[in-house]
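You will see two complexes here that share subunit A, one where it goes with subunit B and one where it goes with subunit C.
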Partner chain A sequence: MNGARGSLRLVWTVWVFTMKAFMASEFFLLTAVLQPVIFASIAFFLFRIGGDAAGEHTLLYAALGTGMMGVWSTTLFGAGGAIAWQRWEGTLELLVAAPRRYDLVLAGQTLGASTFGFYSVIATLAWGMVLFGMPLRASFPVLLPVALLAAIIALGAMGMLIATSFVLYRHANALSNLLEYPVWIVTGLVVPLATLPAWIGPISWLLAPTWGMEAIRGATIGSAPPWLPIVLCMVLAVVYWLLARVVLVYVLNKARRDATLSLA
Partner chain B sequence: MTAIALPRLQTPAHAGSLRASLRLFWYGGRISYTALFNWARPSIYIPTLIGAPTFQILFFATLGNYATGLDPAYFAIGNSVQVSAMSGIYGMTMAIANERWFGTLHAVLATPANRAALFGGRFVPFIANGLIVSIYGFTISWIFLGVRIAPGSLGVVALGLVVTVFSCSAIGALQGSLSLRLRDGLFGANMLVFVFLLFCGVNIPLETLPGWMQAIGNALPFTHGLQAVRQAIGGAGLGEVGGLIAIELGIGVAYALAAFALFRRLETSSRRNATLDVR
Partner chain C sequence: MRAPVTDSPAIEAIDLVRTYRTHTGVIRRRPISVEAVRGISFQVRSGELFGLLGPNGAGKTTTIKMLITLLLPTAGTARVMGFDVVRDTTAVRQRIGYVFGGDRGLYDRVSGIDNLRYFAELYGVDPGEQARRIAALIELVGLEGRQKEKVEGYSRGMRQRLHIARGLLHDPEVLFLDEPSIGLDPVGARELRQTVKTLVDAGKTVLMTTHYMFEADALCDRIAVINGGRIVALGTGEDLKRDVANRTIVEIETFGVTPEAIDRVRADPEVIAVNTEEREQSEILLVQSAQGLQITQRLLGLLGDTRIGKVVAREPTLEDAYVHLIATSGEEASATRAASVA
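Up next is the complex of A and B:
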């Protein structure tokens, strides 16, 4: 019991620390607030030209989609660089050598990144309401916090898998640059998957932003409670977590054996 | 006491001579690219300057086509030109600002080298790089998104593209000069790239934007150059788009001069206040 409580406290402490660190970072301010607002503006103008192609909720659809794009960017860059930053700052060896499990530290970091990313959704919703007269409504207001929490946990777990996988590549930021746009496309954040080639569907099912977006959209503009995407978010979170644990054990063992833990 | 015989060094060209300036322009520019551009190695270059532009073009072509019903080629053309900003903006920012971060700024500024040659030479590799990225973008757009350029229009399109990439590099140089004083120069560079996407007609036809946004777009690089490239692809000749290309060139030269003036001003004030390497 003491151990479980201690683990939760560790995750919580790192979570809060990560949020504070991102709050002071110009880069994450850009990724989580300014970039989504610019992309939301582009989407609003484009949908306006097309006469609200996404139906009566077009603006809300675009605001949520571009907000989720920001969540993905923040998670991707925040989690992708997590281990690399610890290397540069010289804290990786200390954290790995500490008696507490390192994967809990990483979980706190990546959950912090995905939580911080949700500033994007707030920013794009506020932007849409103030400048584009977007009405804000939720079909299932009670389910909305549940959907948001499920999305945060799923993206945080995916971030952990990203963090552990990227550590094998020297230039994690370059990989993050590469993976930003393709995930925006294949998870149907602003363009419905039904309009994309059929082979993209199975890829999208494996990615947390797909179900996170489905859950949030379902709770706001959906016609039925989004229980399925919420459950799938949690299932994916468990799968990502287990995979990340396996990769992390392998990577840390290899780095210890080869004495390359601190080598970037 | 015996004198040590030193090998006779080849006499360098006088720092102020034309030969020295041309040499500095050419070799200095090349060295700045390899030494200061963080993305010059394949492990970063390929994901960032080949992979990311590919997906950027596909993303906006998909979104634009879905949201507006316009031909994906419209968005593909805009983004194929805009991806050159990855080199022009980030590259030029790094080529100037990294002198400070890598600790070489004081050594560079202590030399009597011609500053215009020192500064101007840095444009060349980044313009070439921007063109490569943009041509790659057009190739992707040709293969996947139906962009077709008539052989007779190639020359005008190429001219418009070169001028646009130059003016983009010029605003990148201005950002680089500003970064000599800023804590994080890449923040501004990132903002510029996003601003181009919104204000310059890359994805949203300029005439559909509010007046104040059109005014900002018209003062930025890309807007006129991109219009020229679009019209040239549509079959317009030099006579029809020459004016747009001239305006784009004028905007580029204005930004380049502003960048150089700011660089000189910051150099002078940094010497006076002993803040050359202060971060």
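Up next is the complex of A and C:
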């Protein structure tokens, strides 16, 4: 089965399978649910201590930020960890040597990771409502699912670009740890970007979580429809996707030459 | 009724070479090259069951990985169903299935049927055909009733059967089996051999590696023995046995035999080769000679005070031929290396 329909079906099948595999993994459940709840609690207490600043919007702001921190962590560990795990299980070779395009398989896997990460947004919102009395509201309820979808796709595409290095190098998942905290900070998930040094701005513009967060916050607590961050999410997703495809051609050729696919 | 073997080659390897580059040391890294395959050539005819035999590290898996497009050859060419394994990777991948022995290669945390559904999509099985095909394969490998259980709870035999079902999902014309019966119990291994026979009867071309000589002897149409990255013999099981056909194997069960005693037997002018097999409490000496039982008394005398159990003489098997081939090719390789150093 070829063509766009066949490609979409492949991405969908891999996405469903990846979600199933993540749900059966305690590690990913903890990363996606428990870790953001802990971070959210810390953030809620910090904002409460801040006194007047802890308005209802501030709590929602903090909940969404910590939720997105969880999304990024799950995407990163999902992309890196899943490939390291597949290499260890011996399934990576099977995927690479299958007749279907491996870039579509990788796209399904990383999209699965970013979607699964959205558990953390639900978890932190529920946590904030139940324990901290945070009201849940959306300024643009119709745009909220669009913003969520755009963020999932952009983060998944960024995960895919990073994952290409995991296919080549067996120890590349160490990069996951290196990229987790800096991206949280640089993309404004922890504190507003306006409070960070000006030189960080251009870096943050190139990273999907920045616009994903902008889009989701815009749809919930914003005063204007967040069309710009939604469009930028999609533009970045296309750029990441094209870059990942180019890199993947090189990476797979090198992996066949250097015999690194089966090294666990 | 078996489908006929035709003359058209399904697999062709021509002077295949594969060198691995790695390094030693941590601070002062020194690059080293390991030649895993050193110029292998063979053809597998369409519908044939071809065996690749050799000791660990002989180059069998490397050869298979080049043929299934997972590794690029350092030199030489290979074609599967007429398609080049380097240039026409997608065309080759659409026509081959491969099964590696052992526990790896499955998603443990999901069910067997979920594994098959996933790979069916990856192998491009038509969506309308997937459910029927998966059900038929589950029946073929005998996993009915267990397919919805998580793979992590499967026995090794069940995992191996699931591997085979996965390898057959897209009904490939050529099947590569890399030590498929490794770790299986005798019943599981017999069932696997039956499955392989069924596939060959249906017209599939199979290239199989194995360590079990009786398996190769029972199943394979032709066998290539590979050692040190080179093919040292190629032919039918009978062809390979012909080298040792004029010999008799005397099996001597010994208890507490010393290396010196074995060396004395080995030094006897009538003895061609001596191999040993460890058993639980004894050691079996397999003495190859052209004289057979006539020299038995002399052999027992050479063993001195060693306690002797049963002594049996028999015709040589494929395993004896294999051991002879590996031993002689190893000696030749050592001699060549010594000559090149000199």
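General observations
Just so it is clear, the second predicted complex is superposed on the first by the 248 of 264 C-alpha atoms of A that agree within 3 Å, B and C clash if a C-alpha of one lies under 4 Å from a C-alpha of the other, contacts with A are read in each partner's own complex, and residues count from 1 in each chain.
Here is the rule we go by: a contact is a pair of C-beta atoms (placed from the backbone, for glycine too) under 8 Å apart; a residue touches a chain by one contact, two chains touch by 3 or more.
For clarity, every value in this text was computed on a predicted model and none was experimentally measured.
Legend: residue contacts after superposition of the two complexes on their common chain; A:V251 is shown touching neither subunit B nor subunit C. Of the two partner chains placed by superposition, only subunit B is touched by A:L46; subunit C is not. With both structures placed on the common chain, the touch criterion links A:A98 to subunit C but leaves subunit B unconnected.
Using the contact criterion defined above for the overlaid structures, shared-chain residue A:F17 touches subunit C, although it does not reach subunit B. In the overlay built on the shared chain, the residue A:L178 is in contact with subunit B alone; subunit C does not reach it. Residues 39, 43-44, 47-48, 51-52, 55-56, 58-59, 62-64, 66-70, 183-184, 186-187, 190-191, 194-195, 197-198, 203-205, 208-209 of subunit B touch subunit A in their complex. Of all residues in subunit A, those touching subunit C in their complex are 1, 9-10, 13-14, 17, 20-21, 24-25, 89-91, 93-100, 105, 253, 256-259, 261-262.
Chain contact summary for the complex, subunit A toward subunit B: residues 26-27, 30, 34-35, 38-39, 41-43, 45-50, 53-54, 169-171, 173-175, 177-178, 180-182, 184-185, 190-192, 195-196. Taken together, the subunit C residues at the contact with subunit A in this complex read 20-21, 65, 68-72, 90, 93-94, 98, 100, 102, 104-110, 114, 117-119, 121-124, 126-127, 150, 166, 170.
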